[in-house]
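By written order: A, B, C and D. Residues from 1 in each chain.
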Amino acid sequence: MINKRAASVAAAVADIHDGATVMIGGFGEAGSPIELIHALIDHGARNLTVVSNNTGSGRVGLAALIANGQVAKMICSYPRSTNSMVFPELYRKGCIQLELVPQGTLAERIRAGGAGIPAFFTATSVGTVLAKGKELRSFSDRDYVMEYGLRADFALVKAEKADRHGNLVYNKTARNFGPIMCMAARTAIVQAKEFVEVAGIDPENVVTPGIFVSRVVVVAQPAQESQLVKEGRCYP
Amino acid sequence: MARLVAADVPDGAYVNLGIGIPELVAQFVPDGREVIFQTENGLLGMGPAPVLGTEDPELINAGKKAVTAISGAAYFHHADSFAMIRGGHIDICVLGAMQVSAEGDLANWSTGEADAIPAVGGAMDLVAGVKKIFILTEHTTKAGEPKIVACCTYPLTGKAVVDRIYTNLAIIDVTAEGLAVREVAPGVSFAEVQEKTGAKLTDERQIPKTSGVNKDL
Amino acid sequence: MINKRAASVAAAVADIHDGATVMIGGFGEAGSPIELIHALIDHGARNLTVVSNNTGSGRVGLAALIANGQVAKMICSYPRSTNSMVFPELYRKGCIQLELVPQGTLAERIRAGGAGIPAFFTATSVGTVLAKGKELRSFSDRDYVMEYGLRADFALVKAEKADRHGNLVYNKTARNFGPIMCMAARTAIVQAKEFVEVAGIDPENVVTPGIFVSRVVVVAQPAQESQLVKEGRCYP
Amino acid sequence: MARLVAADVPDGAYVNLGIGIPELVAQFVPDGREVIFQTENGLLGMGPAPVLGTEDPELINAGKKAVTAISGAAYFHHADSFAMIRGGHIDICVLGAMQVSAEGDLANWSTGEADAIPAVGGAMDLVAGVKKIFILTEHTTKAGEPKIVACCTYPLTGKAVVDRIYTNLAIIDVTAEGLAVREVAPGVSFAEVQEKTGAKLTDERQIPKTSGVNKDL
């Protein structure tokens, strides 16, 4: 019988190896899988390449993972925000690499990686420094740059509900990168607020079909990043 | 300014508002018009800010501020959201600017300084994909330098992407023939607008202001 | 106020012009917008390029549109099925052109067209006659062909429920090409079984957001193609 | 034959079954294994045929036959469905064949005859994207010609895509060293299988039959 439920966040992230590429869901704090990230800090895998839209805030969640020296490279669109000081500091010191990708290109590259598309063309970034060194090509008299599909060894994703097959639904704008990161990762690890019976999600309303999910762990009351930051919390 | 932009947004338009001042446009939609706001983090049908105390940290806009969803809204993932943007489905995007050139080049994401943390977000996607790009900005920098220039010196967000510029001094269209002033603020002369602008302007105030913008939306 | 509801199927298809490219949803009869197709037959636009997975069956729906001489070219993956004789006959006579596209490539080309992607690479069809004349390129030691995004002037799509914004949900496997065709067409025309209040579809469950839909017409009791074929019906 | 294929499908596998004989595999999944069937027209978690009279013409499989959906099923659109297939997410696809070559080339969509209506459907996507391709076929054509050949004469569905062939005479793996017979049917000799095959076979029956196939799924 298929049962993708993992016993704990620690068990769920136990096989993330040094040097792995890890996609981490979330747009700001919405959809950020804080408990899985903290488990990854406890676990200690290093030299990671992390794909995530932002770089976290305060000293919890993604920012704490970076502060702990586990991330060698960030692939993201917006590594700067209120309360974000960990990444800027390490970046200025030259201690962490950055591949800056426009947000839509980042999303499309992840979706392409999950869909078996090695490369595609987009008008985004044409004529800007972010197109430097990239292949340019004209279709119907407009210029486009070629971008590559992006895959990962692991994805850490936050969902609202999950069943034992790994079918997922999300909450509002916390959906953001979750569905496409589950597609693009060889092993997608999901923290869900609620674990439901297989009949508990209407097949018409499934957002991520279970085929894209390897493990589900229940975190019934996930912390909110902004709340932790407000309280001045640090992890670990 | 936000009110002037809102007046140019037709009924039924799909609109994306940049972070900051452009967000104000939503408050000035004229009565009787229904405008649907998209936020690129995954919501079509964004409503106003929630009542204090009812914020949901998982219902936010691209500026990471709490918002609401209207009746008839839809949530979707990031690739679907940017398919909407990059596929040319959004009618209007209103953005801020650091510089706009006479050809409609836009610089609004980076000063290009060596130690700045580069962060682009969805700006390059929006200017490349949305049908009409409106810029909403002060006419000059705080230091009094022109923001509308012959040629941008900051790193570009996109080349030849801006359609219209709304400033505290004027409304200016980017046309094939150059920058055309459509309207000036009360008490402001064309000469003053030209003086505070780093590129040549033409005075085309006689042409009705909504002429070229809305009809083909 | 936004209200995309059209008064009739005739009004909904009235501006489809001669020479238009029209995407028609459906996989076999599931999701086939028969009433809209019949309205297009009544309307009479000719020299159409039709993008649809199949070519219809019997002498109703898409097969009837083809039989009526309105289609100059089909872009599809499977123009052959039980009870399909109209297309094969015209094709053998050289009266209709065919662009044969693998089903997944067809779907991806439509999605790319709707997403602003002019071209992408796929492993599908490499080494086969369907890759002939196409650009080949190697990524990470595997060969891929370049395929182009596909757009259309119009799409005819069948949905289950719609609201005045054009938000849609579908029924089971009738969803198939509907969502991506709505994205790829400049004017997407939808027949829905039911028209609901804007609050009638949960924002979490919307499959096609209204931005992709231009018109909605209610066909409360759509005909089933297999039933019409069984009854030996012809249209008109 | 379908039973032998089913025996090689591990618990928890995601499987796509081609139209026709391969569909029978679903009936023979051994007790205690849960296998999830995908149908490329947009359903993961396809169940058995419905009770007569309860068919829904909008709930069908790729062969356009009425099916059911299991608890835990999901519906999705065609681009998402083929992303699943082309992105390497399906473990096993079972297909019929007109010809299979010694290198694992597959021909199963067209005879290449001049007046045939070419129709490919999802076959090329499946062979390009699914992790393991199993072929389920009679060993020879009705006329007695070999279907397993040195080189396909019919137009290809894909090059070097087949992993394993199940026929009424034998189970044959496509390996880097060529075609390896893993098992023969009761009462059939290796010599007879070779005689009815248009390519060289090696006899590797001593190797346990599930060795190379399931372990890396």
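Rule of thumb we're sticking to: contacts are C-beta pairs under 8 Å (C-beta built on N, C-alpha and C of every residue); 3 or more make two chains touch, one makes a residue touch a chain.
The model shown is predicted, which means the values in this text are computed figures rather than measured ones.
**Student:** Any idea whether B-C or C-D has more C-beta pairs in contact?
**Tutor:** Of B-C and C-D, it is C-D that has more C-beta pairs in contact.
**Student:** Using Cα averages as centroids, what's the distance between subunit B and subunit C in whole Å?
**Tutor:** Roughly 35 Å separates the two chain centres.
**Student:** Centroid of subunit B to centroid of subunit D, CA atoms only: how many Å?
**Tutor:** The computed centroid separation for subunit B versus subunit D comes out at 54 Å.
**Student:** Could you please state the distance in Å, as a whole number, between where the Cα atoms of subunit C are centred and where those of subunit D are centred?
**Tutor:** 29
**Student:** Considering subunit D alone, which of its residues make contact with at least two other chains?
**Tutor:** 43, 69, 75-76, 79, 82-83, 86, 128-129
**Student:** Enumerate the residues of subunit A that touch no fewer than two other chains.
**Tutor:** Where subunit A meets two or more other chains at a single residue, that happens at 108, 111, 115-117, 122-123, 170, 172, 203-204.
**Student:** Which chain pairs here would you call touching?
**Tutor:** A-B, A-C, A-D, B-C, C-D
**Student:** Give every residue of subunit A touching subunit D within the complex, in rising order.
**Tutor:** Touch list, subunit A to subunit D: 1-2, 111, 113-117, 163-165, 167, 183, 197-199, 201, 203-204, 206, 209-212.
**Student:** Spell out the residues on subunit A that touch subunit C in their complex, using ranges where they run on.
**Tutor:** 108, 112, 115-123, 137, 139-140, 142, 144, 148, 169-170, 172, 203-205
**Student:** Within the complex, which stretch of subunit A touches subunit B?
**Tutor:** Subunit A reaches subunit B through residues 27-31, 53, 77-82, 87-88, 91-92, 98, 100-108, 110-111, 122-130, 170-180, 207, 224-226.
**Student:** So in the complex, which bits of subunit D are touching subunit A?
**Tutor:** Against subunit A, subunit D makes touches at 11-12, 14, 34, 36, 38, 43-45, 69-76, 79, 82-84, 86-90, 128-129.
**Student:** Touching subunit C in the complex: which residues of subunit D?
**Tutor:** Residue list for subunit D touching subunit C: 39-43, 56-60, 64, 69, 75-79, 81-83, 85-86, 105, 115, 117-125, 128-129, 155-160.
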